[in-house]
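What follows is a set of structures to go through.
Presented sequentially are two complexes of subunit A, the first with subunit B as partner and the second with subunit C.
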Partner chain A sequence: MTTTQTRSWYKRNEIAITPWLFLLPGLFFFAMYVIIPIFQSFWISLYEWNGLGKLSEEGEWVGLGNYERLLGGDRKFETSFWNNLKWLVLYLLAIPMGLGISLFLNQQVRGIRLYKSLFFFPFVISQVVVGLVFSWFYLPREGLLNAILSWFGSDGVNILGDPATATYGIIAAGLWPQTAYCMILYLTGLNSVDPEQVEAARLDGAKGHRMLWHVILPQLKPATFIAFVVTIIGALRSFDLISVMTNGGPFGSTRVLSFYMFEESLSEYGFQMGYGAAIAVILFLIMLVFIGYFLWSMYQDEKGAR
Partner chain B sequence: MFPTPIEKTSRSWQITYQTLIPIVLIIWLLPLIAVAVFSMKPLADFSNGNYWGLPSTFEGFANYGKVFFESDMPRYLLNSVFITVPTVIGAVALSAMTGFALGVYKFKGNLLIFFMFIAGNFVPFQILMVPVRDLTLDLGLYDTKTGLVLFHIAFQTGFCTLFMRNFIRALPFPLIEAARVEGVAEWRIFLFVVLPLMKPALAALSVLIFTFIWNDYFWAIVLTQGPDSQPVTAGITSFNSQFVAQYHLMSAGSIVAALPPVAMFFLMQKHFIAGLTLGAVK
Partner chain C sequence: MNSMLKASVAALALGVASTSAFADGHALSGDLRIVSDMSNPAPRAVMEGLVADFGAANPDLNIELEIVDREAWKTQIRNALTANAPDVVNWYAANRMGPYVEAGLFEDVSDMYEDGSLPGLEAVKGAMTLDGAQWGVPYTYYQWGIYYREDIFNELGLTEPATMDEEMANCQVIIDSGRACYAIGTKFLWTAGGWFDYMNMRTNGFDFHMELARGEVAWNDPRVLETFANWRALIDMGAFIDDHQSYSWQEALQPMLDGEATAYLIGNFAVPHLREAGLTDDQIDFYQFPTIADVPQGEDAPTDTFHIPSNATNKDNARAFLAFVASADVQTEINAGAALGQLPVNAGSSVDADEFLEQGFEMLSTNAQGGVAQFFDRDFPAEMASAGMEGLQEFMVFPDNLDDIIERLEETRQRVYE
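Here is the complex of A and B:
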C-alpha cells in the first residue's frame, strides 16, 4: 500500500523532483570542495594560524590584522601585485597574436591541417614542461636563445637571472601556449564567417585591414569574448611557470599573488595559513571583478535566448 | 573566405606562402625542437660545449632507456594514469546529470545554480587551497591518489556542467516531449533518449579533462608528496634533482611526461577542438 502511495506521489511530482535528484551528487561535490572552501578561506584570513590543529583551538583571532599587514607596506605583496598587473596586460597580447596566426593559417593548401595541429601543439603540453623547455632555452651558456643572439653579435643575456627581465621572460613562455589557444578559437570563428557578407564587402571594394576591422572582427565577437575570458583567467592563475622557472626569484622579483600565497602558507618559509588566506582573498576579489563581468555578459546572452 | 584564398592570388605569392609556412612553424616550435635535440645527445657533448651542433653520437635510446629503467618516472606516469582516468569518468558522469537537470527542466533557481557552477570554475585555486588541504587531511586522504581525484572531480564538474548544459540545450526538445507523451519515466529519458545524443559532448569533454588533469601541477604539490601518489608533472621536478644539469636526461624526461596528452590530442583532434572552441561560434 505504502509503495503504491509513494510511487504515485513521486509520479505526480516527477517533473519537479527529477532535476534535483540529478543535481544532487554534482552539487554536493561542488559545494564541499569549491563553494564552502571559498567562505572558509575568508574566515581563516581573520586568524593567525599555522595550519596545525583545529583553527578554533590553535588559531589566534586577529580580525583584519592580516589585511593591515598586507596593505600596510608588505614589500613582497607589492611586488606580487605589480607583477600580476604586468601579467594581465601582457598576457592579453595572446589575443592579437593568436588572431594573426589564425589569419596566416586560414587557407586550404596541402597539409594545412597538420600545420594547424602543430601550431596548436604548445597548448597541449603541461605548463611544467613549457616552463622547463623555456628555462633551458634561456640558459646563459647552453641555451639556444643566446646561441642565436651571438650570431647577431650580442654578448648573451641571462633573462631569468636578471630581476629586470625575469618576469617578462616567464610571461613570454606563458604567451606561447596561450597564443596557440587563441589561435584555435579564431580558426574556428573564421570557419563560420558568412562568405556572402565577405563577397558583398569585396564587391564594395573593401579589403585588407578595413575588411578585417569592419566585416570580419564583428563576426568573430564570440571567439574574442572567450579568448578574453580564458586569457584573463590564465594570467591570474599563473603559478606553474613561475614555480618551475624561477621559484619566485631572483630576489623575489617574479612573485605573483598566487605564488606568494603558496609560499606563505606551504613552503619552507613557514605555515602562515591565515596570512596566506588573506592574500588568496585579495586575489579572489580581483578575479571577482572579471567573473562578475563574464557572468553579466553570459546573462545578457541567456536573456536573449529566451 | 578571409583572407583571400591563396588559389586566387598571384603565383609568386602562392610559392612564397608555401615556403613561409614551414619556416614560421620551425621558429614557433624552436624551444621544443631544441629540447628534442638535447634528449638525443650523449653527455660528452655537453661537457665539450657542443650544445647546438649535431649530436656526436646518437644516444636517444640510451637516454630514454635511462628514464624508463633507472628512475621513478614509470611510477609517476602510472600515478598520473590512476589520477586522470577516474577523474575523467567521475566528472563526466556527474556533469552529464547536472547538465541534464539544468538543460531540460525549468525550475526556480535553475539559472542561479548554473551560474554558480560557472563562477566556481573561474575562481583562483589559492582561495580553495587551505580549506581543501584541511578537508583532505581530515578525510585521511592526504598524499593519496583518491584525495586528488575527489578534488579534481568536484572542481571539473563546474566546467563540465557549463559544457553539458549548453550542449543539451541545443538538442531538439520535441524528442524529449514525445518521450514524455509516451509515458517514459524521466530517468529513462535521460538514459535512453538524451545520453545517446550526447556522445560527441562526452567524447570532447573526456579528452579535454584528460589533458587538464594530466597537466595539473598545483594541486599535485598541495595534496600529495613523494612517488607513491604524485603524478608525473610533480614527479618531473624530483626527477630533475636526481639528474641535476644532465640536460640530455632531463630533456628526455620532460618529453616523456608531456607525451600522453599530445598523443591524446592527435588521436582525438576533432573532439578536442570541438570541446575547446565551444561557444566560439554562435
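Here is the complex of A and C:
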C-alpha cells in the first residue's frame, strides 16, 4: 500500500527529481571537500591556533589580527605576493609559445605524430620530475647549463642560488610542460579551423600575419580561452615545482602565497593555522578575480549561443 | 655466516629475556602499534630488530610496526597523534616536543623515571623535561664537531686546532692550497644553525645561548653581534664552499670527498656516508670545535626519542617497550657501529669501539662543561627556528645584509615569545 503510494509520488515528480538524484553525490562531495572548507578557512583565519587540539578549546580569538599582521608589512607576504604576480604574467608566455609550436607542427609530414608526442612529452611527466630535471640542469658546479655557458667562455651562474634569478628559473621550468599543454589545445583547435574560410581568405589575398591574425586566431578563440584558464590556474598553483627546486629558498626569495601558506600552517616548523588560513583567504580572493572573470565570460557565451 | 647469525640472535634473545623480566616480571599480551621514522637503511634494520626482539620476549604480544619516511614524519606526526593514535612514536628531545606537550598529545611518563623502570637514564632526563615533567624516552644521541680530511691536514702539515686563532691560521693555509676549509650544504637551512650554535656557544657561552633560545636576550644584543662578527671573519676569508645554498648536506659531502674542501661541521651521522664513499679511517678524523672566548665549552648533541601519544590505547605495553629500548644492553646493541653508529643514552651501556664514537663520547663526558645543547631547531621554538635558520643562510651568502637580518629576527622574537 505505502510502497505504491511512494512510487506514484515519485512517478509524478520523476522529471523534476531525477536530475537532483544524479547531482546529489557530486553536490555532497563538492560541499564536503570544497565549499565547507572554504568557509572553515575564513573562520580559522580569525583565530590564533597551532592546529593541535580543538579550535574551540585551544584557539584564541584574534578577530582580524592575522590580516593586520599579514597586510601590515609582513615581508614574507610581500615577497610571496610579488612572486605570484611574476608567475601570473610570465606563465602566460606559454600561450603564444604553445601557439607557435602548434602552427609549426600542424602539417602533414612523415612521422609527424612522433614529433607531436615528443613535444607533448613534458606535460605527461610529473611536475616533480620536471622540477628535479631542471634543478640538476641549473646546478652551479655540475649542471648542464653551466657546461654550455662555459663553451661560450661565460662564468658560471647559480640560477637557483641567487635570490634575483631563482624565481625566473623556476618559472622557466614550469613553462616547459605548460607550453606543451597549450600546444595540444591549439593543435585540436586547428583541426576544427574551417578550410573554406581559409580558402576564401586566400582568394581575397590574405597571407602570413594577416591571415593568422584575422582568420585563424578568431576561430581559435575557444582554444585560447581554455589555454588562458588553465595557464592562470597553473600559475596560481605553482607549489610542487617550488617545493622540489628550492624549497622556497634561497632565504625565502622564491615563495609564493600557496607555499607560504603551507610553510606557516603545515610544514615542519609551521604551527600557525590561523595565520596560514589568512594567507589562504587572501589567495582565494585573488583567485576570485579570475574565477569571476571566467564565469562571467562563460555566461556571456551561453547567452550569445541562445 | 649462518651459524654466526643464529648465535647472535640467540644471544640477543637471551639478553632481551633477562632485561624484560627485570623490567616487568611477566610477559605482555594484547596489541602494540608503533609508528617509527627510522626510515634510513641502518636505522630501519635496528627498528625492525627491536620489534623482533621485543616480540620474541613477549610471544603473546601482537606488535604492528609502521615505518614512515623520516622527513615526511615531521609533518605527519600531528595527524598521527590526533586521529587513531599509535601506541609509540618517534620524535626529538627538548623544545621540539613543545607544541605536542602543550596540546596534551604526549603522555607524561614521569612515573617511569620515578619508579626505577629506567635505570641509567638520569643524565639525559633533562633533555626530556618540559614543564617539570618527562614526556618520552631517548634512544640515541650523537656528537657534533668538525670532521676533517686527516690526509690533507698531514699533506699541508696541519694539526688539530684548539683555538679559533689556530683554526683560522690552518684555514689560511688550506685556502692558499686552493681548497675551501669547510664544506656545508644549506639548501635545507638547518646546517647553518649548527654553525651559529657553535659560534655563539664559543663566543658567549652555553648559558647565554640558552637564554637566546628562550627569548630572554634580544637578537640585536651586542654579544650576538659579536658572534656574527666572529663568524663573518671566516666567511670573508672564503672559508666556506661556494654556492652552498644550492646543496643539501649530503650533496655537500662531495667537495670533501673530492678533496676540494677539508672539513665539515656536522653530526656523527655523516661518518657512514664518508666511509661508504670510500674514505678510510686514516683519511678522516674528528676534533672538537675550537674555543673562541674563555667560556666553558658547550656542545650540540641532539637526542632522538620515543614517545607515547596521550590518545594511545595500549599504554602499559608502550611503557614496557620504552623501558626495553632504554635498557643498558639494548642501548649498547642498537648504538653499535654496525647498527646506528651513535652514542647510547644509558649510563650502564658501553660505547662501541669506533674511532668517532669513542672521541665523541670522551668529548661529551669530559670536555663539555658548559652544557649539552640539542640543536638550533630543537632548542629554539619552531617559528623562531625557521625564521632564524633562513636568516643564518642569508647571512652566510650575503654577510652585508646582517643589519636587516637581525632586525627581522628581533621582530620575530618579540612576537614568538610574547
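The working rule: the second predicted complex is superposed on the first by the 304 of 306 C-alpha atoms of A that agree within 3 Å, B and C clash if a C-alpha of one lies under 4 Å from a C-alpha of the other, contacts with A are read in each partner's own complex, and residues count from 1 in each chain.
Definition applied: a residue touches a chain if its C-beta (ideal position, glycine included) is under 8 Å from a C-beta of that chain, and two chains touch if they have at least 3 such contacts.
Given the structure is predicted, the values throughout are model-derived calculations rather than measurements.
Asker: See if subunit A has more residues touched by subunit B or by subunit C, and give me that chain.
Answerer: B
Asker: Just checking: does A:Pro140 make contact with subunit B only, subunit C only, both, or neither of them? Give me first, second, both or neither.
Answerer: Only subunit C is touched by A:Pro140; subunit B is not.
Asker: Contact-wise, after the overlay, does A:Asp240 reach subunit B, subunit C, both or neither (first, second, both, neither)?
Answerer: A:Asp240: touches subunit B, not subunit C.
Asker: Check the residue A:Val89 against both partner chains and state whether it touches subunit B (first), subunit C (second), both, or neither.
Answerer: neither
Asker: Under the stated touch criterion, which partner chain does A:Val34 make contact with: subunit B (first), subunit C (second), both, or neither?
Answerer: The first partner, subunit B, only.
Asker: Once the structures are superposed on A, label A:Gly51 by its partner contacts, choosing first (subunit B), second (subunit C), both or neither.
Answerer: Touch partners of A:Gly51: subunit B and subunit C.
Asker: Contact-wise, after the overlay, does A:Glu268 reach subunit B, subunit C, both or neither (first, second, both, neither)?
Answerer: Only subunit C; A:Glu268 stays clear of subunit B.
Asker: Output check: A:Leu64 vs subunit B and subunit C. Expected answer is one of first, second, both, neither. What do you get?
Answerer: Neither subunit B nor subunit C is touched by A:Leu64.
Asker: Is A:Ala200 contacted by the first partner subunit B, the second partner subunit C, both or neither?
Answerer: In the superposed model, A:Ala200 contacts neither subunit B nor subunit C.
Asker: Where on subunit A do the contacts with subunit B and the contacts with subunit C coincide?
Answerer: Dual-contact residues (subunit A): 51, 141, 266.
Asker: In the complex formed with subunit A, which residues of subunit C make contact?
Answerer: Within the complex, subunit C touches subunit A at residues 74-75, 78, 81-82, 99-100, 102-105, 187-189, 242-243, 245-246, 377, 382-383, 385-386, 390-391, 393-394, 397, 408.
Asker: Which of the residues in subunit A come into contact with subunit C in the complex?
Answerer: 50-53, 58, 75, 139-141, 158, 160-161, 246-247, 249-252, 263, 266-272
Asker: Going by the contact rule set out above, which residues of subunit A touch subunit B in the complex?
Answerer: 14-16, 18-20, 22-23, 25-27, 29-30, 32-38, 40-41, 44, 51, 103-109, 112, 115, 117-122, 124-129, 132-134, 136-137, 141-142, 144, 147, 176, 181, 184-186, 188-193, 195, 198, 207, 211-212, 215-216, 222-223, 226, 233, 236-237, 239-240, 243-244, 257-258, 261-262, 265-266, 273, 276-277, 279-281, 283-284, 287, 290-291, 294-295, 298-299, 302
Asker: Quick one: in the complex, what on subunit B touches subunit A?
Answerer: 1-7, 17-18, 21, 24-25, 28-32, 34-35, 38, 46, 51-52, 94-95, 97-98, 100-102, 104-105, 107, 110-111, 113, 115-120, 122-135, 150-151, 153-155, 157-158, 161, 185-187, 190, 211, 214-218, 221-222, 233, 236-237, 240, 247, 250-251, 254-255, 257-258, 261-262, 264-266, 269, 273, 276-277, 279-282
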